[in-house]
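Both complexes below contain chain A, partnered by chain B and then by chain C.
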Partner chain A sequence: MIARFVVRRAAALAVTLLIASVAIYGALFLSPGDPATLLVGGGKEPSPRLLAEIHRQYHLDEPFPASYWRWLTGMLRGDAGQSLSYQDSVTHLLGARIGNTLLLIAYAALLIVTFGVALGALAALRGEWADTVVTVLSTTFMAVPVFVMAVLLTWGFAVRLGWFPAYGSGTGFTDRLEHLTLPALALAASWLAYVAQVSRAAIRAELVSEHVQTARSRGIKESRIVRKHILRNAAAPIVSVSGVAVAGLIAGSSIVEQAFGLNGVGALLIQSAAKQDLAVVQALALLTVVAFALINTAVDVLSAALDHRLPPGGSR
Partner chain B sequence: MNHMETPLLAFEGLHITLPVRGEHRAVVHRVDLTVPAGGAVGLVGESGSGKSLTARSVLRLLPPGARVGGDVRFDGASVTAMDAASLRALRGSGAAMIFQDPRAHINPLRTIGDFLTEGLVTTRGQRQGAATARATDLLREVGIADAPRRLRQRPAELSGGLLQRVMIAAALIGEPRLLLADEPTTALDVTTQAEVMAVIDEAREQRGLAMLFITHDLALAAAVCDSIAVMYAGSVVEQLPAARLHDASCHPYTRALLAARPDPGTGARPLRAIEGRPLSASEAGPGCAFAPRCPAARDLCTTDRPLPERTGDGRTACHFPLLAGADDAAPGTERTVRHG
Partner chain C sequence: MSAYQSVPAAGGRLPLGRVRALARGQGVPIAAGTVVALVVLAAVFAPLLAPYDPNAVDPLAVSQGSSAAHWLGTDDTGRDILSRLLYGARPSLLAPALITLTAGLAGTALAVSAAWLGGWYDRVVSAFLDLVFGFPGLVLAVVGAAVFGAGLDIAVITLSLAYLPYIARVVRSAALRERALPYVSALGLLGLSGRRICLRHLLPNLLPLVLVQATTSFGYTMLDVAAFSFIGLGTQPPTAEWGLMVANGAPGIIAGQPEQSLYAGLVIVVFVIACNLLGSGLSRRLLGEDR
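Right, the complex of A and B next:
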């Protein structure tokens, strides 16, 4: 049952990525004028010799399907072309930065899932003051944009208290974690609050459900009821929202990396876009779409495994 | 009343209030009722009469904030005073509840096998294998043929009738002495209803189980129970032996309910509806809650609430009970309402 669902989702994933890659590569040709001028970047008119060189290097004179295919197969082989503004291969540029970004996103995702679910469960199960505190705090945090949170955290924990560094990526694992703590908090805050609220709602709904009443009527211990009936049944919605949150981190990471001066692919995306370095932007756009789609598919499969009623279209 | 032995279940002046927008409202005014070991009592009433909360108070399954006055005694022990461990023991092996809607009352994500064996494994420390064998036997007993396959399925894969049989098996698996059946057949279609009632009846007979049967169906209660208690607006207004229901009922409400039932034998007799609308317990004034709808009500009925008193074979809470033989016609005769 679940295997067929996985196969179906994998096929859908492949189609999605193919369409996205055509859109990303095609955007270069949709822009007015000669794509080569975009690839050079900057405001000034490039020399005809340079333009001709770019046409040759990027195979711009070939028909669209042929050049698209060349680009796509290059990407699949790990060759994303050359960056004109950095005078370096795109693969090398990404390789040097992706570690920081992945660590940042993993750190933030860990914060979101552990503290988001824990706070939601605390609010729902403990109720009263805990519920009020969590609801007020999470509503506040959801309203604060990432860049404001970055400034507030830097001011509070780096400038006033001096607990964490305000800038840079650090070297070595512990030093990097220390450097990434404030960025990860800034990135996670609003999503953490969102996951906490959804967890609270899902757990409260299970708490008052009839089947939990049945379990109580049979003398089963409350701690087991919480684990096996309440949290277990609330898990599917919590997992799918956590997945959306982690996917959202990818988009938010650019702002945070820029704000905290982290040398990651998010900051690279902002800088390349400013310099109109299209080869880098294309590669990063494709990478983002792939990551986004992979996370969503993984979450769908996980949710379906957690709740057998969920697979759309029926898997029986 | 036999004073020599304690009844298995006794409600002693049970009174329940629930918080509604800051103030406590009565949902059960007064229930005095006993269920002897092995006996079956039918608690009959309209929706909102408090019969379901009365049954739930036996297992202390009341909504948060509920306040209970009077007492509920199970085998002599006060349920309201029980500590957590005794309460779990009562729930696990003293009394078991069969809920109305098995679709909502069985965890949809877990298998039927998990549902049936959870209590045995976690509260009695039985091995999974022994518990599963017991569950298989019980499923067969309640009329589910392919038990091993059913144990692996989830609730969504079973029909309502099958699920209610699973619910009955789950109630029986703890070997309780009392079944609390809260409208066990209301959510089922008519043919399944009869089968499910037969399953409950048979299981009771084999085990000598007592039962508190909650229903709005007076005839069904009379058919399966030894004794009938009629509830109206939070109070038991009449209790009498089931066999004497038609001949010996004295309360105007019981008489009106009997008259409101269609009778297949007598042909085209028009149904007699009870005038007015049913009151909820919290709306009841200082007098008899049924007084506004009662054809025999007098001034006293609107000012003083009647207490249950002995009337022939049963007990009736009425200032002016319609004693058997004194009045052949049921109240409401003058207010005949034609249905259709």
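Right, the complex of A and C next:
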């Protein structure tokens, strides 16, 4: 059963990525002028000689399927072309920045999963004031966008308290972590609140379920019930929503990197979009969509696998 | 939730109908709706309300705190922050409104036609919606800005596409359920055309759901538009817009002048919370469910 599901999801993923890559490459030809001007970047009119050179280099005069195929196979080989506005190969630009972005996303994901689930469990199991505090705070935090959170954290923790640096990427591991703390918090905040709410709801649903009541009536210790009967069964929705959150971090990371002046892939995407340097934008957009779709598919498969182990009729 | 419940009850003597509505737990949606309405009114009447021209630079009053002349202070070029917040409400609300309207109309049309016609058309529409759903909206907008140049217009077009599935997927499954109800086949037996059944009977019954989805989406599109302007690809200076104001004020934060960013950020957050609460209130009222 699960194998068939995995195959079906993988096929859907392949089709999605194929169509997405056609759309991303095709964007080049949507613009009213010569597509080559978008590969020069800078938004200004380049010399005819340079344009002819770009036409030759990117095979723009070939039919669309042929030039698309060259582009796609180039991407798969790790050759994403040249950025003329950065005077560098796209792969090199990407390689210099991907570490910062991955560290940022991993940091934020860690915060979301640990504190989100812990706060949700606290609210559901302790109840009373803990429940009220977590519910009110998470409702508020869910409405605070990443860039406003970035401003609030910079003002509070970097300017007023001076605990963390406000800007830049830092060098060396501990310095980088210190520079990434506020960005990771800004990125994580609203998703953390969301995961806390979903965890709370999932655990509360298990608390009143029949199998937990049965376990209680059999005299099993409460701590064991919480571990073996409640948390294990509440895992499926929590894993699924945590995965959605991590996928969401990919899109949000560009805003955070821009806000905190981090030298990452997301900031590069935004800056090259502003310069209309399409060689960079296409490569990064493809990378983002691939990562987004891969995580979403992995989460679907994982939660299906978790669900599979549940007894029939067990609540989700 | 309880933090908001006390707000409208403090209004003193209210008409009887109003009191009954509050007693039925409508306090939160009414307060949220009032906030939304006030912000919309502020946007419409910005020229009457704003004490200054939003783009008037005053070199003698740069980066001031709040005072009698400038209630919320001035920005780094001496422009009045209150006036810019009021004028800024216009693009900040208009762009999300256009996106929600486009995505709502096109999404509903696609959803109802797909549910009604079924077959290969339905499969194509569903596959298209799934595809768009798998694309992060902001990335779509960034690619659009890279091709056509930065601006709010490109954000409206790309985000309309990105929000299409949020409305269409929900409406399609509701339309499928509705279509299976006996009254629809009865209307068919009476000889009504498919188009007439869709437009006169299915659509009115689906309207509450569309309204609820649109209200909630409005808050999120507003966040996306503001984020897009914040990163410099949406509204271009010197136009006043909330997301852009947060970005404009950012350098001032380190210098100890966080007012512009904080006020603009606060306005965004309050408005989005109001939209979300209004959406869930409408949902409870119109659809009888929590979401």
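Definition applied: the second predicted complex is superposed on the first by the 304 of 316 C-alpha atoms of A that agree within 3 Å, B and C clash if a C-alpha of one lies under 4 Å from a C-alpha of the other, contacts with A are read in each partner's own complex, and residues count from 1 in each chain.
Going forward, contacts are C-beta pairs under 8 Å (C-beta built on N, C-alpha and C of every residue); 3 or more make two chains touch, one makes a residue touch a chain.
Please read all numbers here as calculations on a predicted model, not as lab measurements.
A.B. asks: Put the two structures on top of each other at chain A: do chain B and chain C fit, or clash?
C.D. replies: Fit - chain B and chain C, as placed by superposing on chain A, sit side by side.
A.B. asks: Is A:210 touching the first partner chain B, the second partner chain C, both, or neither of them?
C.D. replies: first
A.B. asks: Anyone got the angle at chain A's C-alpha centre between chain B and chain C, nearest 10 degrees?
C.D. replies: If I round to tens, I get 80 degrees.
A.B. asks: Who wins on chain A residues touched, chain B or chain C?
C.D. replies: C
A.B. asks: For A:289, is the partner it touches chain B (first), chain C (second), both, or none of the two (neither)?
C.D. replies: After superposing on A, A:289 lies in contact with chain C but is clear of chain B.
A.B. asks: In the overlay, answer first, second, both or neither for which of chain B and chain C A:47 touches.
C.D. replies: Neither chain B nor chain C is touched by A:47.
A.B. asks: For A:221 in the superposed arrangement: first (chain B), second (chain C), both or neither?
C.D. replies: The first partner, chain B, only.
A.B. asks: Output check: A:229 vs chain B and chain C. Expected answer is one of first, second, both, neither. What do you get?
C.D. replies: First partner only.
A.B. asks: May I ask you to decide whether A:114 touches chain B, chain C, both, or neither, giving the answer as first, second, both or neither?
C.D. replies: Neither: A:114 stays clear of chain B and chain C.
A.B. asks: Tell me the contact category for A:73 with respect to chain B and chain C: first, second, both or neither.
C.D. replies: Touch partners of A:73: none, neither chain B nor chain C.
A.B. asks: What's the minimum Cα gap, in whole angstrom, linking chain B and chain C in the superposed view?
C.D. replies: Closest C-alpha pair between chain B and chain C: 15 Å.
A.B. asks: For chain A, which residues are in contact with chain B within the complex?
C.D. replies: Result: residues 209-211, 213-221, 224, 228-229, 232-233, 306-309 of chain A touch chain B.
A.B. asks: Note which residues of chain C are touching chain A in the complex, please.
C.D. replies: 1-3, 130-131, 134-139, 142-150, 219, 223, 226-227, 230-233, 243, 246-247, 249-250, 253-254, 256, 258, 261-262, 265, 268-269, 272-273, 276
A.B. asks: State the interface residues of chain B toward chain A in the complex, per the touch definition above.
C.D. replies: 59, 61, 87-93, 96-97, 99, 101, 104-110, 118-119, 122-123, 154, 156, 170, 174
A.B. asks: What part of chain A is in contact with chain C in the complex they form?
C.D. replies: Listed in rising order, the residues of chain A that touch chain C are 12, 16, 19-20, 24, 27-28, 30-31, 38, 43, 132, 135-136, 139-140, 142-148, 151-152, 154-155, 158-159, 166-167, 248, 250-251, 254-255, 258-259, 269-270, 272-274, 276-278, 281-282, 285, 288-289, 292-293, 296.
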